[in-house]
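Sharing a structure below in structure tokens format, with a few things to ask.
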Amino acid sequence: MKTIAFIGLGNMGTPMVKNLLTAGCTVQVFDINAQAAQALAVDGAVVAANLDEVVQGADTVITMLPAGEHVRAVYLGDHHGGVGLLNLVAADTFLIDSSTIDPDSARLVAAEADKKGLTFVDAPVSGGVAGAQAGTLTFIVGGSDQGFQQAQQVLKHVGKNIFHAGKAGDGQMAKICNNLMLGILMAGTCEALNLGIDNGLDPKVLSDIMLQSSGRNWALELYNPCPQVMPTAPASNQYQPGFMGKLMLKDLGLGADAALKSDSAIPMGSLARNLYAFHNARGHEALDFSSLFEFYKSK
Amino acid sequence: MKTIAFIGLGNMGTPMVKNLLTAGCTVQVFDINAQAAQALAVDGAVVAANLDEVVQGADTVITMLPAGEHVRAVYLGDHHGGVGLLNLVAADTFLIDSSTIDPDSARLVAAEADKKGLTFVDAPVSGGVAGAQAGTLTFIVGGSDQGFQQAQQVLKHVGKNIFHAGKAGDGQMAKICNNLMLGILMAGTCEALNLGIDNGLDPKVLSDIMLQSSGRNWALELYNPCPQVMPTAPASNQYQPGFMGKLMLKDLGLGADAALKSDSAIPMGSLARNLYAFHNARGHEALDFSSLFEFYKSK
Amino acid sequence: MKTIAFIGLGNMGTPMVKNLLTAGCTVQVFDINAQAAQALAVDGAVVAANLDEVVQGADTVITMLPAGEHVRAVYLGDHHGGVGLLNLVAADTFLIDSSTIDPDSARLVAAEADKKGLTFVDAPVSGGVAGAQAGTLTFIVGGSDQGFQQAQQVLKHVGKNIFHAGKAGDGQMAKICNNLMLGILMAGTCEALNLGIDNGLDPKVLSDIMLQSSGRNWALELYNPCPQVMPTAPASNQYQPGFMGKLMLKDLGLGADAALKSDSAIPMGSLARNLYAFHNARGHEALDFSSLFEFYKSK
Amino acid sequence: MKTIAFIGLGNMGTPMVKNLLTAGCTVQVFDINAQAAQALAVDGAVVAANLDEVVQGADTVITMLPAGEHVRAVYLGDHHGGVGLLNLVAADTFLIDSSTIDPDSARLVAAEADKKGLTFVDAPVSGGVAGAQAGTLTFIVGGSDQGFQQAQQVLKHVGKNIFHAGKAGDGQMAKICNNLMLGILMAGTCEALNLGIDNGLDPKVLSDIMLQSSGRNWALELYNPCPQVMPTAPASNQYQPGFMGKLMLKDLGLGADAALKSDSAIPMGSLARNLYAFHNARGHEALDFSSLFEFYKSK
């Protein structure tokens, strides 16, 4: 079995480590928050004190970090005097970054890894904390065919669907496109339901009709944003996440950033981002992203 | 079997009449375009010369007209000196309007019908010309429970799904909400695919990933707007409709009109409408509505 | 001097009547709110009990009503059994409608007036209650050259700038375009100032720079929406109107309605309308329209 | 008189150098395009071969570069092995960057300059090529009071209005806010004029009315986007710039980027950016930015 160095032990990383341990892997863990690492000792993780220590003897590295600047810093060492992971790992170590970041950062790290003969893939994840705990995450992988096959051998222990989006950075880009679509779906679903309510329709009846018609979409199927329409949805549980509004704002921001760089027009996604910026700024950023319905519901 | 007066014999009305005839109904037909009516004689329809004649002996009326002004004119006679259908039909005639119009017009006609003891339902349709030919249309009915049950007995000959949205006018309103959602789905799908392409992704791979992720939606499932991704979609057949861009612009306009009347905010739907206004004005209004992809694709 | 029948005595109509009386005109007044008419008796107005009475002996009619449906009803009588002003006034009576309404209604009344040999102009007004009191209103007139010249002879007593926009209905259309522009200017000004504040700029300094640069616009010059930047603006007086948010929503709605009828794209104006719909629905519709700044200011 | 090192000799930099020479300054010039530097020899500029040479003996540096990455590279040397201007200039050299870039880059360079005891101001410019030639540019300066005063002594030779926006980076931020406003004004002006034309108004008459009403704004006053309304505007000269559409897209992109970093909502500016992205992608990026009118005008 594999020996994995896992770096970044937040809400997502921690349950992923537990599933890797359950699958029989040896997992060495590190986080700048030492308590987060220590808490995994009881599950059998080997706690490391720093980047150097965590990769000793590891054949695989998985990182799960907040943003592109952290990923660049950890791999390239640009804020650590040049001693990043690429200089610390053994030859043939396989590198997986599961953070959700800008494609340019992913491509930069992949290119630098390649110069040193290392294989790196970007493998951003969706499915949320619940998916991480259940081991049913979706991974969208960017990298070579060989990198994708290697990634599958590891990620199968923590995820259910593993897609190959294309070359380095394409995993990030495909996730960005998907979440841009999701932000549009959610805003549109809130809007259609609210327009119906304002004009006398029952949101449950309207939802049922749209589900069987051309308005059908993921948000309406699994995540109805109107309270009491779907008992299991966050909307029927005070919008407890689920997927927080601030994460949706971050992902739509990654979409906007990508569009700036490619001179693309994304009017619908830009508008959805701005609606989330308005909504979150009213103190709702830690609620589920379906709480945007409350921003629409006004009477 | 029923004797049906059918008024409005365009792309949708004509195949609906044929299916009613096939089901064994007696169908009397009228259109201001006399040729459209005459063409149905060979199928067994009884051709009438005017509104008065078409309803003689009929127990049911179905209308399929372009806009609210036509529906008001035909039922209330406001442009015909007061001699509308409500004054021409026999007592107990059951009235179905399958046009897609503004809810206020539907509610006005329903209220006037009620004053005369007649039952009227609004039953706008979706499924397009193909659905009309195959007899697989979807109807969204607004009216009383009893009106809905009566409508089912007739519409089952021409449709597959028949929904009860609520009281008079609610059929129109529910269809407006659904098509607002659809316009948003399509614009968002075009946008997400185009952003991916601009950033180096393969649209087929990206579509497959989104279909299995939270970006899933009706447009992506059945109507992929990018040429060659889905061989059966209009996009792979020079955007031959399908559902024309001008009809999407009309329906998004009905959504905007409803929002004006209820002081509702519909930023996503308004933006989708404006994108269609830009696109259609470039000479594409008779293409399928998924041709909006071409408006995005620019390099 | 002229004998004027004035119909519609709200916040705008009442001070206009006073200025006409001051100028020496005979003014006969009517409103469905009898108290509003009675209150003007002390100023010398002749109080009439109904439409029939108010036009007796008048050579000029001025109407100041809330919406197109009221204007159609008063002139054409469609809700009064056919006895509208066009059937009540003497031959050669000159008709001015200063309401802000949809161009189609204005064009309909103008056409009906023309059939009876009467001259009607649409002359919507801007300048607000303060302008009405000071007699400094702006009128934008639609109608023939001769109608425009006649209108100037009357309106000079209550306004300062009197423009000729074109044929019947064009006064309304030009006002709609101007107020669409104004809604965009105000939303844009709120947004630019808020972005600056969020990024550490002083809104007074930023306003001064933009006023001398290419960001200069009417809202920034006369109506700065950020409190304390401009002591005389509503923003520095708890957003007391001025021009209420609900009137801006109405005017942007007239713009949207015109765009629907001409299949025009108005993405910026549609978005501004939706921002006002969101803001007003939070209970701010009676505040000055510059209070949209509060909708942006979120931290 | 001053000895100035001027780096970046494009459409803007070249005429600025000429005006500094005319004012009696000694000007040493460098550009990676050696021809651009050589062309200024005839005017009296001292041509330098590299960064090191251009600053020898200079008391002031002015840079005029395309984007933040170039400014960071030139001052900090991050792409040149660490030998940037901050390591090359003499103590007490005064540094002015007149590029239009992101505020973060400006703040980074200012902070690094400060560590070395050097004074740096950001002083982005507006007024275009014509303003650069005439010496009537506007500068918006970010930096200390003392830095602002020093900047005035130099920039007075090339500009007319010199504003102090605030601390380091605030010059860039204020320009970004102004140009966000300008993009909104221009898009709104195109839209209001086009809506009027679509509804039968004369654009010249409508422009005159709005100029004297609450729709007044810089674009309408000086830069009417409808051909033949204003003979001196780019619109009446085949949209020859002026200010190119691609520069407006860049500046609106800087606004969007700033909003991403501060989690601000800028729906109107985002939409304007997307309209320019659509328009430019159709091959119009080198036309004047008022050519957006053609994107609206569709019939």
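The chains carry the letters A, B, C and D, assigned in the order they are written, with residues numbered from 1 in each.
Keep in mind that, in the parts below, a residue touches a chain if its C-beta (ideal position, glycine included) is under 8 Å from a C-beta of that chain, and two chains touch if they have at least 3 such contacts.
Everything numeric here is computed off the predicted structure, so don't read it as measured data.
Trainee: Between C-D and B-D, flag the pair that has more C-beta pairs in contact.
Mentor: Looking at contacts between chains, C-D has the larger number.
Trainee: Among the chains, which one keeps its Cα centre farthest from the Cα centre of subunit B?
Mentor: Measuring from the centre of subunit B, the most distant chain centre belongs to D.
Trainee: State, to the nearest whole Å, the distance from the C-alpha centre of subunit B to the C-alpha centre of subunit C.
Mentor: Whole-Å distance between the two chain centres: 38.
Trainee: Between subunit C and subunit D, what is the separation of their C-alpha centroids in Å?
Mentor: The separation of the two C-alpha centroids amounts to 40 Å.
Trainee: How big is the gap, in whole Å, between where the Cα atoms of subunit B centre and where those of subunit D centre?
Mentor: Going by mean C-alpha positions, subunit B sits 51 Å from subunit D.
Trainee: Of all residues in subunit A, which are in touch with two or more distinct other chains?
Mentor: 259, 263-267, 271, 275, 278, 281, 298
Trainee: Once bound in the complex, which stretches of subunit B touch subunit A?
Mentor: Interface residues on the subunit B side: 103, 126, 138, 140, 161, 163-167, 169-170, 173-174, 176-182, 184-185, 187-189, 191-196, 198-202, 205-206, 208-210, 212-221, 255, 258-259, 262-269, 271-272, 275, 296, 298.
Trainee: If we count contacts the way the header does, which residues on subunit A are in touch with subunit C in the complex?
Mentor: 267, 271, 278, 281-282, 295, 298-299
Trainee: Mind listing the subunit C positions that touch subunit B in their complex?
Mentor: Contacts found on subunit C: 249, 253, 256-257, 259-260, 263-267, 270-271, 273-275, 277-278, 280-281.
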